[in-house]
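Below is the structure I would like to discuss, written out as structure tokens.
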Amino acid sequence: MKIAVFVKHVPDVAEADLEVAADGRTVKGGELPFEMNEWDRFALEEAVLVKDSLGGELTSFLIGDEAAEESLRRCLAVGADRAVRVWDDGLAGANPFALTAAMRGAIGEDEYDLILCGAQSSDDGYGLGGPLLAEALGVPSVALVNKMKVEGGKVLVTRELEGGWGEEVEVDLPALVTIQTGINEPRYVSILGIKKARKKPIDLMDAVSVGITAERLATEKEKLSLVGIETPAVGEGAEILEGSPEEVAAKCLALLKEAGGVL
Amino acid sequence: MSVWVVAEHRNGAMREVTYELLSHGAALGLGPVTALVFSGPGDGSALAASLDGKAPRTLIVEDSSLLGFNGTAQAAALATLISQSTEPPKVILGAHSAAGMDWAPTLAGKLACPAVTDVVALAAEGASLAATRVVYGGKLNSKVKLGEGPSVIATIRPGSLEEEPSLTPMTTTIETANADIPAELGKRFVAWVEELAGAVDISQADILVSVGRGIQDKENIDVAEALAEALGATLSCSRPVVDINWLPKER
Amino acid sequence: MSFNLTSEQIDIQKAAREFARGEFTKWAREADEKEYCPEVLYKQAAELGFQGIFFPEEYGGAGLGYMEFCLVIEEFWRVDPGLGQSLGSVVFGSDLLLTFGSEEQKKKYLPPITEGEAIMAAAITEADAGSDVTAVATRAVLDGDEWVINGTKMFITNGNLADYIILYCLTDPDNPSRHQRHSCIIVETDRPGFAATKIHGKMGIRASDTAELSLTDLRVPKENLIGERGEGFAQFMAFFNRTRLHIAAQGIGVAQGALDMATRHVKNRVQFGRPLAALQAVQFKIAEMATRVEASRSLLYRAASLADQGIFDHKLIAMAKWTAGETGVRVTDEALQLHGGYGYLAEYDIERFYRDAKIVELYEGTKEVEKQVIARVILGKA
């Protein structure tokens, strides 16, 4: 099996108060910690599980600057055999179309039996990359998978739907699968893994080596462009209600009734 | 100009979000709305009936590959219909749902056209669309502009309509079309699985009491439960809460 | 001179952080209440390679340095000091074996630790010999090919759990120099004559095991002596130069954890219509706490990276250990203060951190002892 996994390095905003930078288009970086996108961690684990059970080679890909390499090292530390990082200044802040063009270029002539991506990323949450890449490669894709099994040239998956429903789908390999969180339990990185990762190669590619011209980049960027970001309007400061569950609920109910609208 | 709305249905029933999409589509003011129903053979007219009077035109595409849900087949069908139409739709609208996350990006890849997903507000702007999205886990709003097309795709977050969908009653013409879906797509629908008994479709609830990472402790979920009960609301939670098994996934 | 962690160090730090956040949080309160550290954590920590990270590879370690070990301890303590101490102390005593042990001793005793199959301890303190280690009275007498040991030890970390203990014993009471009367002997705890009694009711790091030991006609082979007879004092001074680095990392970890909690709390807690964080008095407090943590951290990282170059700067290490301990105590105190009455409830983790922090000013040399060390280097034997 030749397996590929694509991962993204994103700011971890769970605990952060985000501020919009003066340009009105970017988030003030400063102290924000960056992590591997949560969905990608599950995709990576799934890729390692497939490799462990069926054998083969796992290549991890990332489009990102040098700081983002941390996420690639994580891939190598948990079991990827090699890593490819694509970067070009023109890709800074790129939309999913431009990123996908780079992803497609990074794969080049290589043929993978199975390509895994996270179903979406926690920063802009488009969820476009996976299926777009599949189309660019001419392979079938299936999105939002929360259970999968590779067997006999096929992958049998369950997709997670709304309201507790699922859908079973069978896809012929080569295929691209986008992974929903919770599909597995991503392993912790071990010290031995970190040491092994140091000995594995990280190949660097730029726009030229992935075959994207400036014109191509411009065309892809044109498809979806950012006008600006803003902090959503917030109401007054929060009030923390204390007491037993019943008391808190009662107080909350009273407040909501008073505020009107919902009831 | 026209707007196409991809109807979303499951297990023979039209999903609520379809009416929201029709309402969004009409509000764009980019021409008449066509609802598209993709279904297995023989299932289309019953589904189309549930849209009667809500769109000027409904187009039914039936094919064995469209049984259940198959995003790849649906995207292939849409691509064919668009290439066949004398005047391609300006906008193809869908739901940002499990289905929409599958067919919409696939179609965007096939048409190499602009697309935006998980939109909470959408408006025509110049020769294209401007969309508002919620990013960084709901901490920021972003505004994006789509390229010109000829066609563009947008998927809309269910429940993002400000009001109930209000559609002026109208006469619907129902048509059928053949989309020549390739026999070998490499992807086959197998079955619906009712994964979790007693599941709750939170996208259909009137009031939600929702629990996120900030709940910190499993015990604190009792507070949310008690509140939900008092409000006659549905308890829901974000994914991290599910992933650590504090609440079942159907929430 | 570089002030940046290497990419490998960053990865190790993150790995430790993720493991601790993912696993410790489930257990921390129960471990504190019931005074134990769950078996499964010992197993996981060893499997992930956190035990013996600074042992050379030939003894099953990762061949990394004190700096890396400090990063791990810091992250563990940041999430929970009690569990951090439980897991971090598994190797306690190994530095002495690494530095002074024979090849056979290292081959025999070190690999099981990295595999999660053995726990170590080091026993110096006695009821009447605390800061003054030269007063240690536990007696080891050579009888043919065996040492016969009698005595008691107090406050021994892992006393009930350890498979082998490095015991600081009086072997040469008649030597004219107080510093040449003691020796270090490895004692396997399954030998007859060994007994450990758990000490209950510690104020903090309650997950970590502490015991009183009693040794009655306990016999170990002559070969269990580490290095030369009479070198015990010198060996332990060198040992403390290493372990004080880990202890300093504990102080920084507990302080950082408390700072994290305080930061979160003051942003969320609203009084007088504004979050506490909007008050300048609160802002200053947070700024001071953060500065203390960074200052202590810089001192430790410098001392630890020098140690990894083979330079054990006695004074610098004592400074790092003292400051880190004080930072831990001060920052947890301020953090609790910022929590107001809630900080006084067991339901809030800061209550535990406040109790946990104090130990760093006590063991491995009280803060007074550290200052003595520093002063002696600067002033000589005045």
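Just so it is clear, A, B and C label the chains in written order, and each chain counts residues from 1 on its own.
By definition in this document, a contact is a pair of C-beta atoms (placed from the backbone, for glycine too) under 8 Å apart; a residue touches a chain by one contact, two chains touch by 3 or more.
In this text the structure is predicted, and so the values were computed from the model without any measurement.
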item: Top-ranked pair of chains - ranking by C-beta pairs in contact; value: A-B
item: From chain C, the most remote chain by mean C-alpha position; value: B
item: Core chain by centroid distance, with centroids computed from Cα atoms only; value: A
item: Chain B and chain C, separation of their C-alpha mean positions in angstrom; value: 56
item: Whole-Å gap between the CA centroids of chain A and chain C; value: 39
item: Cα-centroid distance, chain A relative to chain B, in whole angstrom; value: 21
item: Multi-chain contact residues (two or more partners), chain A; value: 17
item: Residues on chain B engaged by chain A in the complex (per definition of touch); value: 10-11, 68-72, 97-99, 101-102, 105-106, 108-110, 113-118, 130, 133-147, 185-204, 207, 213, 222-223, 225-227, 229-231, 239, 242-243, 249-250
item: Residues of chain A defined as touching chain C within the complex; value: 15, 17, 69-70, 73-74, 77, 188-195, 197-198, 237-240
item: Sites on chain A touched by chain B in the complex; value: 11, 13-14, 16-18, 20, 27, 97, 119-120, 122-136, 139-144, 156, 158-172, 175, 178, 181-182, 222-232, 245-246, 248-250, 252-253, 256, 262-263
item: Touching residues on chain C, where the partner in the complex is chain A; value: 7-8, 10-12, 14-15, 18-19, 22, 44, 47-50, 53, 62-64, 264, 267-270, 273-275
